[in-house]
Amino acid sequence: MFDAFATILDWLGIAVFATTGALVASRKQMDIFGFVLLGTVTGIGGGTIRDTLLGILPVFWVTNPAYLVVCVVVSSTTFFFAHVPQSRYRLLLWFDAIGLAVFAVTGAETALATGVDPIVAVGMGVVTATFGGILRDLLGGESPVVLRREIYVTAALAGAALFVGMSTAGTPREIALTSGVVSAAAIRFAAIRWNWSLPRYRPRPGRGMDELDP
Amino acid sequence: MFDAFATILDWLGIAVFATTGALVASRKQMDIFGFVLLGTVTGIGGGTIRDTLLGILPVFWVTNPAYLVVCVVVSSTTFFFAHVPQSRYRLLLWFDAIGLAVFAVTGAETALATGVDPIVAVGMGVVTATFGGILRDLLGGESPVVLRREIYVTAALAGAALFVGMSTAGTPREIALTSGVVSAAAIRFAAIRWNWSLPRYRPRPGRGMDELDP
Amino acid sequence: MFDAFATILDWLGIAVFATTGALVASRKQMDIFGFVLLGTVTGIGGGTIRDTLLGILPVFWVTNPAYLVVCVVVSSTTFFFAHVPQSRYRLLLWFDAIGLAVFAVTGAETALATGVDPIVAVGMGVVTATFGGILRDLLGGESPVVLRREIYVTAALAGAALFVGMSTAGTPREIALTSGVVSAAAIRFAAIRWNWSLPRYRPRPGRGMDELDP
């Protein structure tokens, strides 16, 4: 039961992230194989970096090529249907939010399973959640979503920390997984919907020129 | 015989990619060690990522430093002779095409040799072929060549798929290697020469504003 | 004695690089967790890539989470005090110089300890020293410091080469470490202070148009 649930989450995260990669490809008017490259890198990028840092090699999609296939299918489908949604950019943001929430938790879970310190597991959740999107934006020449004004990294961190905290406290894994994903997604959804943001760093008055230094 | 041939291809790919890295450095008017850094990262970047994902660690140039030496020599030579070609950008595109074709096939070959699924081998060929150039363009602050209009990823994919198909069908390796490299190079050369491109994604009329969303 | 010294250098490098990451976050007016992400990636990024390439997995901060903690503390402290220095960009440059010098040497040291060829050790020093900053600038959407006009890569290369040369010649490690760090830092400090640069590549007269090719 649990394994099935975690596996479904994993596939969901990969599929939605692959879609966001393909949507960036659509914004850049790439051809279908450009969609496939960008979709695949986004779908499996975060987990690939996670596996590498943990020393789980070869990485998951080398061992199980079905992950590659799902990315290829999702990306090329997006090529034909990207014009359907009202706003592709808005869809990209919402799907990115789902992927962020799912990977923050499954990333932390994978790390915990290797026996690392809880703080490392939280960090690994954040890495898994954010680096797929970072790679997507770098390769697509977009401004990184991680720099956006509303709460982003914070949502991943909250979900990963809640999951790791509940897990180490002995909560059943389905409940810990669900709580982590739902809370991260809720925070990020609310942030997109109502432009929530934490206090940002602001230079003091009269220091603005400093910004122009380089 | 075969090993010699594959090795020559490998060195060729590294040398031409190192040259493209150095040419980007020349466009940015870097000093000689900037040339060496950018040339080396481009020359060995794709293979480094391939080795890491496959778990072949330490990566190939740690085990065999001659690869580093060839990158350093090629990059610093380019520093002194980059002014010779009529158009450095055009030379960069042609050399990038050769590197793309060679690495698509040798990358897939390395992966196959570790016993992975053919689809993973094709993917690894594409990764090896494209990520050296992606790193070069990211570090050099250039618009990624992978986003260019003409056929690019497709050429790598075609070469890698042809090679993997022929290999798994039992074709002698020299023939499979040659067929893969030649077909990938021919496709990419033709794409550069005649601006070949696949149909690109185009937003439907009246949806253009959507693009400006962020 | 030696180990304590090398460890102190390591922590120093991580702390100053984490500060530079947080300073880039301040320039982008990110929130506190944006500071933490960018500071942490910058602090441990170079060493993470080094460990991966050498096959020292899981990477150092997975094994020893105290490195993560120091990055988090330094980055969030910077969030509250980034307005204090007269020029944040100048502070970023100086701290980056210290990190560059320290990591060029400790990176080479870590590589030497795994028994690699001296030329690989020098390369690994340069990688460790430069890639934290490269990741910082890529994620922060800044123009990469590695492309700056004054001597940069050269300083890392000089420090790493001096350290590796002295080490293989049998110099006591404290002396080799100190010489490498001090020389790299001195070169980079002087380069910042007096705008030192090596001769840069310059296109010949009448070739300028070529630059505009793409």
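The first chain written gets the first letter, and so on, giving A, B and C; residue counts start at 1 in each chain.
Following the convention adopted for this analysis, a residue touches a chain if its C-beta (ideal position, glycine included) is under 8 Å from a C-beta of that chain, and two chains touch if they have at least 3 such contacts.
Protein identities per chain, from UniProt: A, B, C = Putative membrane protein YeiH.
Nothing here was measured: the structure is a model prediction, and the numbers come from that model.
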- Message: Building nodes from the protein chains and edges from chain pairs that touch, which of line, ring, star, complete or other describes the result?
- Response: complete
- Query: By how many degrees does chain B turn when fitted onto chain C using C-alpha atoms, rounded in steps of 5?
  - Reply: 120
- Using mean C-alpha positions as chain centres, tell me how far chain A is from chain C in Å, no decimals. 27
- Query: In chain A, what residues contact two or more other chains?
  - Reply: 52, 57, 138, 143
- Touching residues on chain A, where the partner in the complex is chain B: 25-37, 40, 48, 52, 57-59, 61-62, 65, 68-69, 79, 82-83, 87-90, 138-143
- Which residues, counting only chain C, touch chain B once they are in their complex? 52-55, 57, 114, 116-117, 119-120, 123-124, 126, 130, 134, 138, 143-144, 146-147, 151-154, 157, 197-204, 207, 210-211, 213-214
